[in-house]
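These are the structures in question, set out in turn.
The same chain A turns up in both complexes below, where it pairs with chain B and then with chain C.
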Partner chain A sequence: MSLTRNQIRLLIGAVIAVLSLVVQPRMSAFAQELFAEAAILAIFALSLDILARSGLVSFGHAGFLGLGAYAFGGLTVLQNWPAGAAVFVAIAIGIVVGLIVGIFAVRTSGAFFIMVTLAMAEMFYSWVFRSPIFNGADGMGGVPRLDIKSLTGLDLNNPVSFATFCIVMCILAWIVVEFIAITPFGRTLDAIRQNPNRISALGGRVFSYRLAAFALSGAIGAFAGVMKVQHTNFLSPDLASWIISGDVLIIAVIGGMGTFVGGIIGAGLLVYLKEILSSNFGHWYLFLGGIFIFVALVLPRGIVGTFLDWTDGRRASKSAPAATESET
Partner chain B sequence: MTTLETRKLCKSFGSLAVTQDVTLTFASGKRYAIIGPNGAGKTTFFNLLAGNLRADSGHILLDGRDISSLDVTSRAHIGIARSFQRNNLFPELSVLDNIAMACALQQGIAPSFWKPMKSYTGLRNDALAVARQVGLEDDAQIAVRQLSYGSQRQLEVALALACKPKVLLLDEPTSGMSPQETARMDHLIKNLPRDITTIVIEHDMDIVLEFADEIVVLDYGRVLEQGTPAQIKASSIVRQRYLGEEGQAVGSRAP
Partner chain C sequence: MGLDPQFIIEQLLNSLQFAMLLFLLAIGLSVIFGLMDYLNLAHGTIYMLAAYLAYSIAQLSGSFWVAFFLAPVAATAIGMVLYLVLLKRAEMETHLVQVLLTVGVIYAGTDILRHIYGDLPKGVTQPEFFTAPVQIFGVSYPSYRLFIIGLGLVIQIGLYFALERTRLGALVRAGVDDRQTVETLGVNIGAVFMLVFAIGTYLAGVAGVVAAPIFGVYPGMDATIIILVLIVVVVGGLGSLKGAILGSLLIGFADTFGKILLPQFAMVMIYLVMAIVLIFRPTGLLPARRFTGAG
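Right after this comes the complex of A and B.
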């Protein structure tokens, strides 16, 4: 196998993208709903993973999902904004809130960062939970989908069109994060994850890079929220609940943190397992937890991470000289 | 002309005074060695100079400007680069990518997000030049965690060099190296450009005596003695406290 680690990752992503686009239209309307859900969740997982590149693991990412959803829902339903403009404003709000929250959050790392992000998301949750503007805990229906029919011929109110749209958006988000990862900025994030102190000593402002990553993550997370609320047509505080933050974290870890495509696989897996388990068992969340603990134990670096390590191992054993360099 | 200057620099860890009233000047383009027994406060002095630690009192001046309040990143920006006594690298990156990262930060390329890193060909050439300078060109594609300890030490120096520093601080660059690797590092630091003010912490007295224009002896955080290699060799207090009969450092050891 002569492909590099990155090439294998990209190949896996490309195969998933093509398969999804080809298979999804041929499936039942119900399956198409699941495809849409998984693609949206995958976008959300990508937003977590680009932040994880810089060594920060957030446990409040549902805050961004909820933010994007409420911004989009609020603007379209309450202000009668056109959906297209609301998408961009929702993303902009994700960036701005990412910068503001990031100024506090990004100074910390590890467990403290987890606490700060969780606290911020919970603040947002309790605000929308009580807010009369958004109808509090009961939530608010009637959120429209984008109208791109004149542009593309897709009527997003059709399950098949909407699922295709979600898959295309997910592919776009994936291309964006993969591209950023290979730019100097993305490479610096990766180096920061490996050794932030050395980056400082080399003249890199770790805080600024992480802040930028946090804002980028906020933008993509808010976009996932925009997509999510278009799918369900319904605004609910639960979008910002810590359970969602936990779900996306599990997805990223199970798929392989920092591999991007791992989050996409994790999202598909979660949606699929949720579906088959919840229709067969009462305590399906228990089963889901069990499965994920099992995967985490067997594949400590996630599905994709462990697979890539395995291909690394194969490559190393084929070109022995490079590997034997290490023994001193 | 003085490049770097410290005035009554003090640092304590709890009740342990590790840097005590250190007042030193480092002339531009000259080479200095700092010697002293284990725990003398040599690394701490570097940490103070590079901004990894903040001094309790005293001042640090670069080209006459007080930089005491600048943090480590700002000091890197104004030309202070260091290597670390314990390897402090990017373990998952290749040798070349490690150096390229340092070059990208030094050249202000690191924040850009509109072009792949690969498309900056100048960066790659600069990184290769540094790799060649430290003798790592054959290992350029090897990941750090697969690199021998000695080569990691070379890379440690390479990262500091890639910063194109005005003041270069090398903390025991030869520690833990085989004799061949030590000879190579010795050759490398002797061939460093003369316009860099270089300060090396080193236990190997053969290297120190040959390399340094001036030697500073630290002991319990104080400057015990300073002078040319000849003066240091002749100093009775240094002989008594630090040097053995043959001029070998007492207390030199592997890391």
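Right after this comes the complex of A and C.
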């Protein structure tokens, strides 16, 4: 076995994709809901992770989720737009807002970037929380799902079909980010994360690349919001709250930041854990907290990150003493 | 809404009082971050823990003052155990791992307190000495809130002298600016950090106790305030006392006056202040020297 780190990562993703598609239709109606939720959160985690490629970690990603959800919900419910067109407009809004906010957000980095993004998301949250247009804190129901029956034969109002659709969308999003990561653009982001000063000294436009990554992340995040609000059929300011930003951050860290597939595993794990803990224990946040503490102390690189490091170690010990470089 | 001078004076005092609470939490978070690069979100859990301890102690002893002196000490003791058993292990990890760890502590801590005390908010009565309002600048103002302002000022002056005039303070400032050099000079920075962590935790505990009679004690009170405290630290700049003071004043005023001037967008005011500061000063207004560079 001499698979490279990247090949192992892709293999894990492919196995999860196939397993999900095979297992999901055979599960109970309730499990379908969990599959859909996990797949949507996984898309959201991917949007955070593609930004993390450039070395920026956002604590306000729920802003993009909420933005996509409110754009889609507003256009379909209030303006009676067809859902298909609303999806594209919601993604476009994600890009535009990503560019505008990014112009000053990506000037900062580290803890400061965390705070600026948090502030931006909270501004959006407090706006929709009070906004009479979207019925403020009470939220707004009746958000429709996409009608793709004539195209694919899938009726998305059927839970099985919707869960399948979510998984397929998640796989597509994963392929997109994996593809972007190997383009020159993606490679440059990687280099910026490893040493922004060096890239800057070499003449790389760190600001522009990070801005582009932020807008791209905004697009995928808004798409996750579009999916999320189709799943619940309900617009709520909570979609944009910092708790959601924290959840997705934790999902990415648990899975392994920068591994893409880690976010998918993290999303599945968090949805599953929340479900079994909350239905079996009254004080399930205690257990969830305990799991976070465990992961932070025992698997600080996340599940996938730690696994990949372990395979690196095995490879290194098998091969000649020559130094091996990891790819990511 | 009346904007008469009396009303404005009252709100200015309210802002100042809230700023003092924010400061008590922000200074610990800021110096802990500055000295050890540790992003300790569980700082707010200590605030909540101290508030609950104050409730219990006040119930048992029947006196706010017993709680005022004992609860922060007890919270600090628990905080130090938490640090030595759990938090210390992530000292060398990235901020993200520290966030994961301390969010885990927040979740677990909130649930434990909820298990003990229940979901309903608890009230702590104000000390009898400060129940009557006092006349100040022509307005009648709750004396308990004035007490918080005074307490905050005393602590700020005390910390200023401790940091600027003592050997330990010099070590802390030097450690924030360049930890490795200080270590190379033979200083046990770990011991200095322990002490700083204890003082920061103690002040968070004091904040929890004095806040309890005003805001009540409830599960989740830590999350409400920790976001504001993080903003204070970012606006003020990392690792500096002056930054924490200035940041807490700005955010205290923005919060209070935001609620009056733009009731529809109360929180927006705070984030607006933060966004404007960070556009012009990406590292905050008065950061310690090490943080004046990019990011």
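By our rule, the second predicted complex is superposed on the first by the 323 of 328 C-alpha atoms of A that agree within 3 Å, B and C clash if a C-alpha of one lies under 4 Å from a C-alpha of the other, contacts with A are read in each partner's own complex, and residues count from 1 in each chain.
Operating definition for what follows: contacts are C-beta pairs under 8 Å (C-beta built on N, C-alpha and C of every residue); 3 or more make two chains touch, one makes a residue touch a chain.
Owing to the predicted nature of the structure, the values given are computational and were not obtained by experimental measurement.
Legend: residue contacts after superposition of the two complexes on their common chain; A:Ile293 is shown touching chain C, with no touch to chain B. When both complexes are overlaid on chain A, the residue A:Asp49 reaches neither chain B nor chain C. With both complexes superposed, C is the one of chain B and chain C in contact with more chain A residues. Looking at the shared chain after the overlay, A:Glu178 reaches neither chain B nor chain C. With both structures placed on the common chain, the touch criterion links A:Ser126 to chain C but leaves chain B unconnected. Judged by the touch definition given at the top, the superposed model places A:Glu37 against neither chain B nor chain C. Contact with chain B, but none with chain C, is seen for A:Arg187 once the two complexes are overlaid on the shared chain. When the two complexes are superposed on chain A, none of the residues of chain A touches both chain B and chain C. In the complex of the two chains, the chain C residues touching chain A come out as 33, 39, 86, 89-90, 93-101, 103-112, 114-115, 227, 230-231, 234, 238, 264-268, 270-272, 274-275, 278-279, 282-284, 294-295. The touching residues of chain B, when paired with chain A in their complex, are 50, 52, 71-73, 76-77, 81-82, 84, 88-93, 97, 101-102, 104-106, 109-118, 120, 139, 141-142, 145-150, 159, 162-163. Within the complex, the chain A residues that touch chain B are 179-180, 182-188, 190-191, 194-195, 197-206, 208-209, 212, 322-323, 325-328. For chain A in complex with chain C, the residues that touch the partner chain are 57, 104, 107-116, 118-120, 122-123, 125-127, 130, 242, 246, 249-250, 253-254, 257, 283-286, 288-297, 300.
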